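In what comes next, subunit A is part of two complexes: it sits with subunit B in the first one and with subunit C in the second one.
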Partner chain A sequence: MKSRQGITSLQATATVVVSILGIAVLIMPSSASEAAGIDGVLATLFGGLVALVLALTAILLGRHYPDYTIIEYSQIILGRLLGKLFGFYFAIYAIATTATVLRGFADAMKVLLLPKTPLEVIMITMLFTVVYQVQGGIGTIARINELFLPPIITIILGLIALNIRDVELFRFRALLSEGVGPIFMSLVNISTGYLGFEIVTFLTPFMADKSKLLKYGLAGVVLTVIVYTALVFVVLGIYGNKTTSDMVYPTVHLARRILWVESFIERFDIFFLTFWILAAYTTITAYMYMASLSVVRLMGLRNYKPFTLILTPIVYIISIIPQNSVQFTLLLNIISYAGLILGFSTIPMLVISKIRKAGTKNG
Partner chain B sequence: MGKRLILTLILAGLTLLLVSCWDQIEIEDQAFIVGIALDKSDEPGKLEVTFQIAHPKAFMAESQVDEPFWNITQVSADITTARNELINKINWIPTFEHCQILLIGEEVAKEEFSKYLDFLMRTFEVRKKLLTAVVQGKARDILDIKFKSGIIPSFVVSEILNKNTKYSFEVTDYMHIGKMHVAYIEGYDFILCRIVPLKDALSVSGGAVIKSFKLAGWLSGEEVMGARLLRGDVESGFLEVKLPPELGERVILRIYESESELEPEIRGDKLYAVLNVRLEGDINEITTPSSDLNSDEYIKKARAVIERNLENIIKRTFKKVQQEFGSDPFRIKEKTQSYYPHFYKANAGHWDEVYRSAELEISTEIRIRRIGEIKNQQD
Partner chain C sequence: MKVIRRRNPKNRKTIEERQSPKPNSEDRVSIPLSKSLGENLKKLKAFLEESTDAVFREFKLGGLGISCALVYIDGLIDKTVVHEAILKPLMYEASELNKERTIEVDQDKVFDFVKEHAVTVADIKEAESLDKAILFIMSGEAALLIEGYDKILVISARGWPARGVSNADDEEVIRGPKEGFTETLRVNTALVRRKCKDPNMVIRTIKLGRRSKTDVAYIYIKGITREELIKEVEERLNEIDIDQVIDSGQLEQLIQDNNMTPFPQVQATQRPDKTVASLLEGRIAILVDNSPYALLVPATFNQFFQSPEDYNERWIVSSFLRLVRWISSFVAVFTPAIYIAVLTYHPSLIPTKLALTISASRAGVPFPSLIEALLMESTIELLRESGARLPKAIGQTIGIVGGLIIGDAAVRAGITSPITVIIVAITAIASFVIPTYSAAIGLRTMRFPLMIMAGFLGLYGVVIGFILLNIHLVSIKSFGLGFMTPQSPIIINDLKDFVIRAPYRAMKRRPEETDVIDMIRMDM
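Moving on, here comes the complex of A and B:
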């Protein structure tokens, strides 16, 4: 047994997938159809390609500095002050996202499974489990992700498979009837659903084989693109775009449709949600890990474990700020766009570091 | 090592304290509402909401209960209020989680009943495949019937709707609460199953055409078959056709394969509904056939007669619903929106006129595959 902590290639794929699949699984179809109507299917596909490109640049950037995370190499690329500011922005974003996902998870749990359990209790139990997990380090997180990936993917694909018979293909005849305009306009909005791929900027230093992150990390993004596109396809094919936009949790609706009288399968939604908890849990863990690590690295320290505990109350306080579902959606939108800015920021950084490299070679 | 053991024991003990179920409700404490019936009340603007509550023990196998279910009628503004008033009357907590069927009384169906359905569409308690039917008469009567084939009426009715649609063309289970949500959002018309209460029995056949959530008119069993062919959700069933004297008296076909697809088409500025029907079946019964059944010629002739007959049924249904009711439960609007989004957008303002002037074109193909065990050879 090697004592060195190293993430295997498969664990990298799993980490990327389960970090992306979180609360967006529940709301992706309605946000897609709200943004692009029936073209939401294509928008989800192309939005995924945007996320794929962003993940690609992030991984390529990471390759230049294989021993650092984005917090450190941003300081090398952008200079000390700008780099620190960027790192600070990243830390704030990661903390806020942890809190938002936590709240979204707790809200969904309260509405769908535990109507009488106080929201605070759901959030605190989840938060403590996450903190415990993050204390274990990235190796443990990666192993857990690898373990949770099959059930998460199986339950979502199962949901799709059980409903695909009811998809009415004629609805997709209206695809592109408005031209490519709606798809293009909604790309930015949709690609926020793929946030979570930022985890790749933290993975490189911990990989057992650093060269494999590109292939296996991107495979993770591709897998989520397939899952999301299929999900949006099924929901839009069954309900049409107007009704899908009208739903709060369209994916749960999909689960609630399943009913086999003969075999006594009723209330598939509870079954689905039980596995969805795993997806929410792994997403919160990923962000909590990014948050603690970025705060610590920003201070130039090595051991992030005590900081996880310091961040816990901050995360909790942010997550109880929204007073209702409207305010929560606002918070979700803010952090989504903040995350997207972060995702796009790797492109100029990659360009700068390429120019620098070329410069050092010539001079 | 001893310290560790103590720590483990303390932690194990703590988990016992920490784990609790806020949401646990004992099964004996729940009142399972398995059916809802909506009728008009004598009080103006109020509903008579009847809940069928199943005894929890009725769910368990091998248990004998004297009274497996009972009905409670509540006069109130809507279903939610009725449920809340129910809490004051029984010592159990009502839950809709196992609700099987929603029955709408004729009088309620005549007014815009979407306002009563908001709770059922909004809540997470009711499952999306809650079947809905309109009762020609009082909805409550159905829940009072004593069945021999099943103990609880709600289960019997939902099973009829669920299963019998696969064996009969004249029953439709097409709509449930999830699809009604779609109809509500998009403004589609639809057909609900009709239930006729008889003395100590019921008959599920025919349909109620619902236009903007108001009962527009009734369809007979045969017309429901026409509507289902137009809508394209036929499965299998029996088709009875009168034959001309040279062929026999009448024939009943058992259809086991069916395909029907309605597609809108725009020619010029006019909307056409093009229907392709393809049925495949065996002769199930034929009364006094006058010639050899086992001949190609006979099959051909019978086919032509049956095809013409079927086309007539479909045309009659279409005309009745389109002209008399001014309603479109055949999803022509929905399909035009997808097939010709630009045409629909241009005509959305006066869609009713466009639909009323739409013409139906049918092409049917009936394949008689087998004639059964008897050849009816003539000398």
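Moving on, here comes the complex of A and C:
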């Protein structure tokens, strides 16, 4: 039973997958087609590879400091002041992302499922559930993720499988018609859809078998790359890039197309959305956990649980700031790029720590 | 195995504190015996004389004329044993032995003579102090006091009216042994022993309850069960300081990890076969005297969906039945909530024709569907509870009156719609499919908060309720073991005995969840 102390390898995979799969599940196809047109399929694939490389560097970096989270080892690598600044940046990012994902979730809920329910009610109930979960600690979060991974993956893959025969392959004849330019240009934009993999920078100290995070964590990223690419492929193959770009929640349209279940479930999209709530929930939880832990570790304290409660109103206030969808998209873009900067920052940090290690070995 | 402390470690007594005699328990004080029979008898009488069921029989040892006294509680001993195996040899046969001079007996050898030659009972003990002797007397042993000795001979002559071994009513199976535990501890341990003759099976007994002094036995198999688990069980049992241990149900709550949950973290069973199967899976069974239930620890959520029958039927059939149980547990908890959510918020989810039929049937109903469903669910709970406490014959009447007449009348009166009655009835039936009563009742109570959430937030509320329920379930521990194992954390080997009961040849290893020492169950 010793091997079951802390987070098991499968739980790490599950945590990575469900942290990435969140509101992006609903909007990924439209943002991909907006950025790269029909090449969005390839852009999603290569954007996923970028995320994979970033996750790889983050895990490799974490291996050097197996007992610390990124908040602590950034202070070792970058020095105290710069490290603290980095940690502060991370904390702000995590808090803002929690709020943004929460808002994005509530917006989608209101539009798609509960038109008459006030936004605030949806957000507060969700936030309460998340706080309750985060209070339980990383062990509970990992176990919940493990429980929810099968339904989340099943419903998305089921959605893809039920629609795949309607894909019109002629739409992909225009693939790469403009060369690799658009793909390359949209790569950064697309890879924001994979944000959530930052959770790996927090997992190492809690792993039961620290050496397994590399394999199992990356497996999680690979799984999401497959899911997203397939999803974008199906949506673009059915609707084409023009229509897809105009849709707010193309994945939900995909769910509405499903007809053969008509005799039992009239509207598959509602059914799909109920499962998607699980995906959004696990993402918000992951960010809330990162936010609480980074704030506490930044202060050098151990117990993050009271801070979750302090952060709750802050998250709520940030989440009600955007007045309309334009402002929300702006906020989403800001935090996405902030997240990417964080993702890329692990590369120089890895280089510095490698040089230092080499230096100490030689000297 | 990591053992999760369920209480604040500050409140826990250290081992030294626990081992030292407790100052508050007056009966732990040792009362020394004197060499005079009269004095010892006087002390004993001071304790017991007021009770009419205490018997003091004074007599002279045959042939030697030494004063003796036999003390026992009438009703707890077997009179034939006392007459034939204690009094008769001591008063009559001893003098015969003396006459023939086969054995030299003088004053300082009387005690050994009585013990070794006279009393023809197998189980004999000696008590050095009065309080120990009293404890034995109160447990149904006969105490023999002999003039000139400061020790008491305790002769086992237990025998009291007891219920015979009968069917395990709460866990009936169609195929499998029918016998169930009874109220007598010794009978229960015998039932367990009969199923497994392994000498490594250890039955240890401790007395719990400051006043009740209830015998509590815990059983494990050396070489299978982890040492840490045994220690943890011993520690938790020793920690109990209460005046009376009434039943295993009470003990269960005293040793469980988490009090703020409706779910049992210990499996209670009436069946010896289930108990032995659990022992072989590395669990520990706790038997309480006067209780026909064995407690099996640690328990997982999965276990509550297993029935001993699953192992006696072919695996395809058993797997199908298990699937039925899992689905019906979901139905029992979520159906009314989903019904309310769909009806109130998402009527478009169901086919138009069905939606029309439902709304037509609800045309005259004055309440919103939440109130309607809550009313009907409460009625069902009412019927179930009233039926459970009544004799069987009247219970059935209640079922018919409640189920058929009230249900029909409520629909005719326009208080509720027939669809709601169907939903409520299905939920009730589904909740009885779960083989473990205490788990089923815990799950059933979850219906009500879920219905309220569905009434306010629709399917979103149901999903939030689902998430909260799952958070709660994964955070429960049973003696350090996660409640949702093998689902979360996933243990591949143990998934073979989860929703699907794999064929025996595929389950060659014992479950890993209990972290057993000897993993190999089967070698063929």
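FYI, the second predicted complex is superposed on the first by the 353 of 363 C-alpha atoms of A that agree within 3 Å, B and C clash if a C-alpha of one lies under 4 Å from a C-alpha of the other, contacts with A are read in each partner's own complex, and residues count from 1 in each chain.
Throughout what follows, contacts are C-beta pairs under 8 Å (C-beta built on N, C-alpha and C of every residue); 3 or more make two chains touch, one makes a residue touch a chain.
Keep in mind the model is a prediction, meaning the values are calculated, not measured.
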First, second, both or neither for A:Thr117, with subunit B first and subunit C second: both
Subunit B versus subunit C as contact partner of A:Met109, first or second or both or neither: second
Partner chain in contact with A:Arg267 - subunit B first, subunit C second, else both or neither: both
Partner chain(s) touched by A:Gly240 [first = subunit B, second = subunit C, both, neither]: first
Touching partner for A:Leu330 - first (subunit B), second (subunit C), both, neither: neither
Touched partner set for A:Arg257, first subunit B, second subunit C, both or neither: first
Touched partner set for A:Arg173, first subunit B, second subunit C, both or neither: first
Which of subunit B and subunit C A:Ala161 touches, first, second, both or neither: neither
Which of subunit B and subunit C A:Leu82 touches, first, second, both or neither: neither
Those residues of subunit A which subunit B touches in one complex and subunit C touches in the other: 113-114, 117, 121, 266-267
Touching residues on subunit A, where the partner in the complex is subunit B: 38, 111-118, 121, 170-174, 177-178, 239-240, 242-243, 246, 252-253, 256-257, 259, 261, 266-267, 269
Residues of subunit C defined as touching subunit A within the complex: 1-2, 226, 345-346, 348-352, 355, 457-464, 467-468, 470-471, 474-475, 480-482, 484, 487-491, 515
Residue numbers on subunit B that touch subunit A, as the complex places them: 22-23, 97-98, 124, 127-129, 159, 162-163, 178, 181-182, 185-186, 334-335, 337-339, 341-342
Subunit A to subunit C touching residues, read off their complex: 1-2, 4-5, 8, 10-11, 109, 113-114, 117, 121-122, 125-126, 129, 132-133, 136, 140, 143-144, 146-148, 262-267, 270-271, 273-274, 277-278, 281
